Every structure is written in C-alpha cells, then in structure tokens.
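Two complexes follow with chain A in common, the first pairing it with chain B and the second with chain C.
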Partner chain A sequence: MPRRSLLIGVVLAVIALVLLRNGLSPYSLSVWSLALVGGGLGMSLSLLVTYAGLPSLAQAAFYGTGGYAVGILAAKHGQDNLWIGLLLAALVSGLLALVLGLVSLRTRGIYFQIITLSFTAMIWGLAVKWRSLTGGDDGLVGIYPPSMAPFNGHLVTPQGVFTFSAVALILICLVVRMVRNSAFGHVLVGIRDSESRMAALGYRTTAYRLGAFVLSGMLAAIPGALLTYQLQFVSPAQLNFVVSIQALLMVVIGAGTLFGPALAGVGVIWLQEILQRHTDHWLLVLGAIYIAVAMVNPPALVQRLRTQWAERRTAEPAREPDLEVVR
Partner chain B sequence: MGQLLAVTVNGLAFGMLLFILASGLTLIFGLARYVNLAHGGVYLLTAYLAIETYTRTGSYWAAAGMALGSAAALGALLYALFVRGRAWLRANPLPQVLLSFGIIYVISDLMQARYQGLAQSLPLPDLIAGSVTVLGTTVTEYRIVLVAAGILVAIFLWLLLSRTSFGSAVRAGVDDHEMLSAVGRNPELLFAAVFAIGFALIGVSGLLGSAFIGASPGVEYTIILYTLPIIVVGGMGSLPGAFFASILVGIGDSIGKAYFPEFSLFLIFAIVVLTLAVRPEGLVRNA
Partner chain C sequence: MKESTDRSAGPVLAADNISVRLGGIQILQHLSLQVERGERRAIVGPNGAGKTTMFNVLTGVLRPQEGHVALHGRDVTRWGVSRRATCGMARTFQITNLMHTMTVEENVVLALAASRPAVRRDLFRPLRSSSLDRPAAELLDRWGLGDRRHLPVHALSYGERRELELVLAVAAEPDVLLLDEPAAGLSPSETARVCDLVERLPRETSIVLIEHDLDMALALSDTVTVMSEGSIRGTGSADDPAISALVEEVYVGAVDQEDADVAG
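What follows is the complex of A and B.
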C-alpha cells in the first residue's frame, strides 16, 4: 500500500472513530470497544498466517495469557498502571510464544495446526485447574480500571475505553505494516513461498519463523490485556480454542489484504455481540458464516477482483497473491 | 493393586471409545486427505438422537440405526454439498478447520434448542448393566463391552482396507485420482462412501458413548480435547497409530484423574509434547 493512500486511510479511520465516539450511546460504545479488541486479535494473527505462512491455532493462548497477566497483576498484586500492565502482558505472552514456538515449529502443515491447537487446549486446561492463581472456571474478579499515569485519570469511561482501543488497533495495524515492509518481513514472505530456497541463500529460516511467532504472540497480548481491562474480568473462555479458530476466521475473511483482518475482526465480534443480545440462535448464524467462508475462499475472490480491476485500468499485471491459502 | 487394575480397565474402556471416534477421523484423513474436526459435534448429535430414539421406541436396535444412519447420511451429504469439486477446501487444512467448526456450531445450536441444554444418557440394557469381579476387582460389564467394541472396530477396519476391493480402490484413489476413474471406478462415489463410513464410526461412538459419558452441552469440545493428543501421538491417518495412542491417552487420563486430579489434562498434553520433541510426525509414520 503506497504511503499516500495509507495516510488517507488513517485520516478516514480517525474521522470515523471520532464520529462514532461522539455519536454513540455508552452502551453501543462498549460493544464497539469489544469489536476493536477483536480486530487486534485478527491483525496479530495475520502477521503469522499471511506473511509467514503459519496458520497457527495457538493465538488464543497468547491473547488469553495477556489477559491473565494483567488480571493477576491487578487482582493479586494491586498493580494498576496500564502501561506496565500492557508491557508485562506482551513480555509474558512473548515468552510463552518462544517456548511453544520452539516445539510446534518443528512440525509442518496440518501437524502444525493440530499441535498449536493442542497447546491452546493445554494452556486452557492450566487456567481451569490452577485455581489458586487463575480462579479456575470462575475466573478472576477484582480487576479495577487501570491508571493511565503519567497521564491523568483512569481507563474507565466508555468514551475513553473506546478511544484507547481504537488507537491501540491502529497502532497494531501500523506495526504489522512496518514488519511486512521491513527486511525481516521480506525474508518471512520468502520463507513462506520457498523455505528451501531461503535456507539455501543462507537464512536461518527457523529463527525467522520463531521470530514471527513470538512477535505475533506479543501483539496478541495487547488486545487480550485490553479485553480484560474492559470486562474487569478474565476467565478461561478468553483462551478457549474456539477463540483461536475465530482469529483464523478473521484472517481468512481479511482475504490476504493488509488491514482486512482488522476490519474482519471488528466486524465478526461486533456481529457476534449484537446477535448474542438479540437472538438465541446466534451460534447458528455464526456457524453458517464459518461454513460460507470455507466455501467462498475470500482470498481467491479478492484476488480475482483485483485482477479484473487491474485489467480494466491498465495493462499492468495484477499483484501477486499475498496469502498462502490462495491457490 | 486392585485399584490400579480398576483404573486401568476404566482407562482402557474410555480409550476404546476414543479410538472409535479417532478411527472415523483417521479413516477420512488417511483416505480422503480431509481434516474433519467436526467429530465432536457429530458425537453430540448422534448421542442425543440415540437417546431420544430409544426413549420413544424402547428399542436399542432403532437407536443404533438412528445413530449410525444419521451420521453416515451427514457424512455423505457433507462430501456431496461442501467438499466435492472445491479445490481450495480439498487441498488446504485451513478451510477444512473452519468448515468443521461451522458444522459444530450449527449442531450445538440445534441441540441446545431441541434438548434445552439438558445432560442425558442412555440407560443400559439389563444384559450388560451388571458388573463382574476379576482378580478381586469389580468391573462393570459395560466397560468390557466398550473394550470389545473397540477391538471389533479395529478388526473391521483392517479387513475393510486390506481385504476388500473397496479398500484397495480407495487406497489407489488417494494416490492417483485420474487413473482410478480410468479403470472404471467412480472416485467421487468412493470418497462419498469414505465420508459416510468415517462418520458412521463417529455415530457408533455416539451410540456407545451415550451410555458412558452421555450427551450434554460442551461435550463436543471435550471430545475434541481428547482426540487431539491421539492424532498427534498416533500420527494422522494411521489406524494402528490411533489404536495405540487411544489406549495410551485413555489409560493416561484414567491414572491421571485417579492419582493427580489437578494435573490430569496436563499429563495428557505432556505426552504430546514429549512425542513431538522426539518424533515430529507422530509415533507411527505413513498412512
């Protein structure tokens, strides 16, 4: 994405967010805040799936660990600073990602998906059983809105939470874009397309893949921590493996575009929150969406549209597909 | 000693139930290269249907027919409607995982609506409702039935795959789709049959499991939780692998629950990590 359209995009996003912030009721703002956090989850995984070609199902583990990190700090140690909380959440999740990545990156293809899913289940099991630390199935309560020191006030009003979640999402998007365009990102794409070629060129491919895994885990911890602060509660539901599957859905709906997973994440969570409040059959609708997405292949669809547009506008060849699931 | 024996038999029975579940998964992956993680949902569906059919008709045969028939129909339908001819879905585990969970959600929602989230279980027939005493340990007869069923399923699948022309045709179809149609076999029909048989096996586990762990909301995820380590340890697509891994996980879980209840789930996944650290493709290689 060229610099100019990125700038336009960010400006439009900020205008839209300011309009939403001032126009919506506190109740709608809280729904949107949850959705924005979901966007962060999708975006963090897209770094791994889209650019490193690693369809990990461990994302919920890092998302939930981020949530538990700030939750345990706040409820058990009275640590109430937002910035310290976010930093520690990212560090703890990053460390976990390092350990899980070392084992799971030994596997390929479907084994990688199964092993990452197993790890998520294992971390979930730990959160359920380790009652003294996590509160078990009942979750952790007593997490109060964090202080924004050295800035004034606490992260507590619906407007404040919404604004902070939005800014965090935009920053996560920009970080992913920066990584994508960096030398590191180009090596990742090279490894995704042909690991043996990159290895032959002298790159330590496992180290790069592990780096992407850790970075993506650290990014997932930020929305995870924000979710815990928003709900003032954290429970094993936040690291249930269905959350991992949901993150994968967001990335696939994002269709291999740079910021698509963020928009898809916001959309999926917003829809889910609205459905849950208005119908008993929200799970049925959600299931239908999963099935439809598996049928449609959004990345290939977007790719076809891009090719058509490119042909219509100029004789330039269309861009290469960005997502490994196209084919 | 007595307690250890009882715990082991319990674990073996649970392991055999898991094997029947995992065999459906393994068959479909081994022969059609499709990752079906919807088995948790199919278990829930067939368990509830078996219980309701028995309650209405009082016949175990009708319940069995319902569980197996509905599962087989669902499998064939899944292949015909969603999988056949879709290159992306056919070749990538990623959309297969999404499709599987979509199916689970739809089934969970419908079951919740029909059975109001009540936990139910199938009453045992008098013939096998008792218990026997072996070496001073009391073992319920139904656990022995489960172990026997697991062994029967294993023998059935081995015979089907290695001793029938259906088995060899399907195995040939995995390697070369076009050549199979060139010799006059319809690969689409064969694959639909593989899906039907694989799902019917999950139906068997739904039927047997409905009198053991029962049907309740959330059991669909519990089932997935327990079959994941079997897939990892046994290797995808390997029936012998699934058989031994199921025994390992079943007994491991039973011992874990009896002696270290805090860490039982952890113990199973410790097996997974150790296996992967030594052999990244599972204990048994090739399909």
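What follows is the complex of A and C.
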C-alpha cells in the first residue's frame, strides 16, 4: 500500500473516530472500545498467521496474560500507571511467547496447533488454580482506572477510553504494516512460501519464526491489558481457547489484506456485544454468521476482486492475497 | 554473511564414508566424494541410486548415520542448512521451489539479502527501498529475466521458473553449487537455455550436477561420477570410454531389473 493511500486511510479513520467519539452515548462508546480492543487482537495474530504462516491457537494466552499482568500489578501491588502496565504486559507475554515458541516452532501444521492450543489450556488452568495470585474462577477485582502519568488524569471517561483504544489500535496496525514491508517481513513471507529454499539461501528460518512469534505475543498483550483496564476486571474467560479461535476467525475474515483483520476484529466484537444485548440465542446467530463467512472464503473473494481490478488497469496479473487461498 | 574460510588448498567439498539408512532401507553405503575448486562434476545414475539423498546430506537437510562432510576443509557434518549456505554452498531443487507469492524481483532481493549482513542489520527498514533493488535488477538482466522482474512468480512459465531457481542459487556467488536436475521437464530449447546459463557461471565456481540427460551431463561437466544402489560405481573424465560403458551398464542394468520386476 503506497504512502499516500495510507495517509488518506489514517485521516479517514481519525475523522470517523472523532465523529463516533462525539456522537455516541457513553454506553455505545464502551461497546466500541471493546470492539477496538478486539481489532488489536486480530491484528496481532495476523502478523503470525498471514505473514509467517503460523496458525497459532495460543493468542488468547498472550492476550490474557497481558490482562492478568496489569490486573495483578494494579490489584496486588497498587501500581496504577498505564505505561508501566502496558510495558509489563508486553514483556511478560513476550517472555511467555519466547518459551512457547522454542517448543512449538519445532513442529508444523496440525501439531503446531495442538501444542499452541494445549499451552492456552495450561495457562487457563494456571489462572483458575493459582487463586492467591489470580483470584481463580472469580477473577481479579480492585483494578481501578489507570493513571496516565506523566500526563494528567486517569483513563476513566468513556471518551478517553475510546480515544486511547483507537490510538492503540492504529499504532498496532502501523507496527504490523512496518513489519510487513520490512526486510524481516519479507523474510517471513519467504519462509512461509518455501522454508527449504530460504534455509538453502542461508536464512535461519526458525530464528525468524521465533522473532515473529514473540513480537505477535507482545502485540497481543497490549489489547489484552486495555481490556482489563476497560472492564476493571480480569478473569480466566480472557484466556479461554475460544478467544484464540475468535482471533483466528478475525484473521480469516480479514482475508489476507493488511488492515482487514483489524476491521474484522472490531466487527466481530461489536456484533457479539450487540447480539448479546438483544437475544439470548446470540451464540447461535453468531455461529451461523461465521459459517456463512467461511463459505464465502474471504481470501478467494479478495483475490477475485483484485484480479478484476488489475485486469481493468493493466495486463499484469494481480498479487495474491497474503493469506493462503484455499481452492 | 560468509564466515572466514580457508580456500587455499584441498577439495572445496568432500564427503567421506557416508552411510544413510531411512526406514530400515540402506540408501547410501560408504559413499565418498571429493569436489575440487572450479570442478564441474556430474552425478549420473538411475532413479533410486541415491543421488538426491546424497545432495541432502551434502547440504545439511539430512544427517548421515555414518561419515563426515567437509566444506573448505572444515567438518560441517553437524551444521544446519543455513549455516552451510552462509559458508558458500548453494543449491537448486529438483522440484521448483520458489517464494511463489512474491515477484521475481522480491525473490532475487531475498537471495541477495541472505549474503549481505548490512541488509540483515536493517531488519525493520522497508525492503523495497533497500540498496538491493539495483543489484537485483542487474542480476536479472544478466541472466535474461530482466523483463520478468515485476511479475509474480506464479505468472512465469515453467522454464522461466527453472531459470529463476538458478539465479537465486548463484545470487550469493557461492563457491560450490549443487544442481538437482536443473533441466527436468524442460523442452529442448528451454534445456539449451539452462545449459547456457550454467556454462556462463564463473569458472572458479565448483558445480555438482545431478542429471538424467546424459548428453547434457557430459556437455556441462569435466568429471562424471556414476552411482547405483547407494554407492559410487566409478568416477572418471567425461570423455573416458570406460565411464560411458559404466553409465550404460547401470542404466541398462536398471532397466533389466525393472523388466525382471515386471516379469516377476
């Protein structure tokens, strides 16, 4: 994506966010804030799935660990600084990702998914059982709106929370874009396309994959921490494996486009919140929508659209979407 | 990133007493091979002779149960694929193996970046504006793929993909290049192009070539090693009549064997 269209995109996003911020009720704003956090979750996993070709099911573990990191920091140690919280969340999740990556990246495909899923279940079990630290099933309470020091005030008003979540999402998007366009990102895509070839060229493929895994885990911790701050509560539900699957779904709906997973994440969580409000059968409705989306095969749709667009403009064939198209 | 290597004396690449068993089957038996600097070596032999397995041992894909591999006189038996590559070893694959979602140019840029520490240090800078665009374009021009630069790999013809395989392998200016059936599945004119590319490689590059097409193997190499059933039957000059006789023997022998299998 060229620089100019990126700039236009960011400007449009900011205008939309400002309009939403001033136009919505406090309740709607809180729903949108949750949705923006969901966008961050989808984006963090997209780095791994779309570019490194690693369909990890451990994203909930890093997302939830980020949440618990700031929760424990605030509730048990009385440290309520937002920046310290976010930094700690990223570090703890990054460390966890390093450990898991060293183990899981020796495997591929379904085995990689089993290991990452098991890991999520283990972290979930830890959160349930280690009551003295995590509050167990009941979760952690006593988390108050964080201080923005050295800036004034606390992250407390619905407008403030919304704005901060939006800025965080935009920053995460820009980080993922930078990685995609960097030498590192190209090496990742190269390894996804052909690991044996990249190794034969001299790339230490496992080291690059590990780097992507850790970075993705750190990115997931940021929306995870923001969710805890928003809810002023953290419970094992935040690192349930269902969250991992939801994150994977966001990436699939994102269809291999750069910012698609962010939009999909916002949409999925927003829809979930709205459905929850209107019907007891929201899981049923949501499930039906997901099945419909999977039938459409979003990456294939994007490729078809891109091909048509490219044929209209030039004779050159279109680029494939970054996510694998299942034919 | 090339590690310091002693290039003064001895063979560039040496395999010593290599044995490989896979799933209870002996694929290679006590196989030894030495490739001198600048040597052009062809490996011929029927299917199942163990040629590709030997390549996998030489490049580090496979660890042999017995024996050693030396690159520039250093024992690299326990080294991985990428470390051997950074020490001057490159290969092509029997089945086309490219970064298929990228453009031709991006493939070449990645091949170039692998051997340049300066680029790898700038990991998070955009690759597009890197200093490698020009060398990549020059490389593609030199090897006749210049006008294909901006095409995605999946838009290339099969012959062009085989050529790109070669370009990627030579991008890092390797000391020893292993070519696994570079002309497999190509038309005569495409084969001629690939032969031409191989002949234009720098004279000091050692080449080990697996090839079924005997005419091509003889045209491109000084020395021929004949393999069958996991061991080396003989090595000699390409114009040595004894070698031609040996080649005929292993291929015809193999055919006889197949006939016998069918009959049995």
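Throughout what follows, the second predicted complex is superposed on the first by the 324 of 327 C-alpha atoms of A that agree within 3 Å, B and C clash if a C-alpha of one lies under 4 Å from a C-alpha of the other, contacts with A are read in each partner's own complex, and residues count from 1 in each chain.
Going forward, a residue touches a chain if its C-beta (ideal position, glycine included) is under 8 Å from a C-beta of that chain, and two chains touch if they have at least 3 such contacts.
Fair warning: this is a prediction, and the values are worked out from it, not measured in the lab.
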Notebook entry, point to check: When the two structures are superposed on chain A, do chain B and chain C clash or fit side by side?
Noted result: fit
Note to self: After the superposition on A, what does A:157 contact: first (chain B), second (chain C), both or neither?
What the structure shows: neither
Check: Between chain B (first) and chain C (second), which, if any, makes contact with A:121: first, second, both or neither?
Finding: first
Notebook entry, point to check: Once the shared chain is lined up, is A:204 touching chain B (first), chain C (second), both, or neither of them?
Noted result: second
Next item on the list: Scan A:276 for contacts with chain B and chain C and give back first, second, both or neither.
Entry: neither
Item checked: Touching partner for A:307 - first (chain B), second (chain C), both, neither -> neither
Margin query: To make sure I follow: the centres are taken over C-alpha atoms, the vertex is chain A, the ends are chain B and chain C. What is that angle to the nearest 10 degrees?
Written below: 80
Next item on the list: For A:196, decide between first (touching chain B), second (touching chain C), both and neither.
Entry: second
Margin query: Of the two partners chain B and chain C, which one touches more residues belonging to chain A?
Written below: B
Checklist line | Distance in angstrom between the closest Cα atoms of chain C and chain B, superposition on A | finding: 12
Next item on the list: Please write out, lowest number first, the residues of chain A touched by both chain B and chain C across the two complexes.
Entry: none
Next item on the list: State the interface residues of chain A toward chain B in the complex, per the touch definition above.
Entry: 55, 57, 103-104, 106-107, 109-111, 113-115, 117-119, 121-122, 125-126, 128-129, 240-242, 245, 248-249, 252, 280-281, 283-284, 286-295, 297, 300, 325, 327
Notebook entry, point to check: In their shared complex, at which residues does chain B touch chain A?
Noted result: 35, 82, 86-89, 91-99, 101-106, 108-110, 112-113, 221, 224-225, 228-229, 231-232, 236, 262-263, 265-266, 269, 272-273, 276-277, 280-282
Check: Considering the complex alone, what residue numbers of chain C touch chain A?
Finding: 1, 59, 61, 80-83, 85-86, 90-91, 93, 97-102, 106-107, 109-111, 113-115, 119-120, 122-128, 130, 150-152, 154-155, 168-169, 171-172
Margin query: Considering only the defined contacts, which chain A positions touch chain C in the complex?
Written below: 178-179, 181-187, 189-190, 193-194, 196-205, 316-317, 319-320, 322
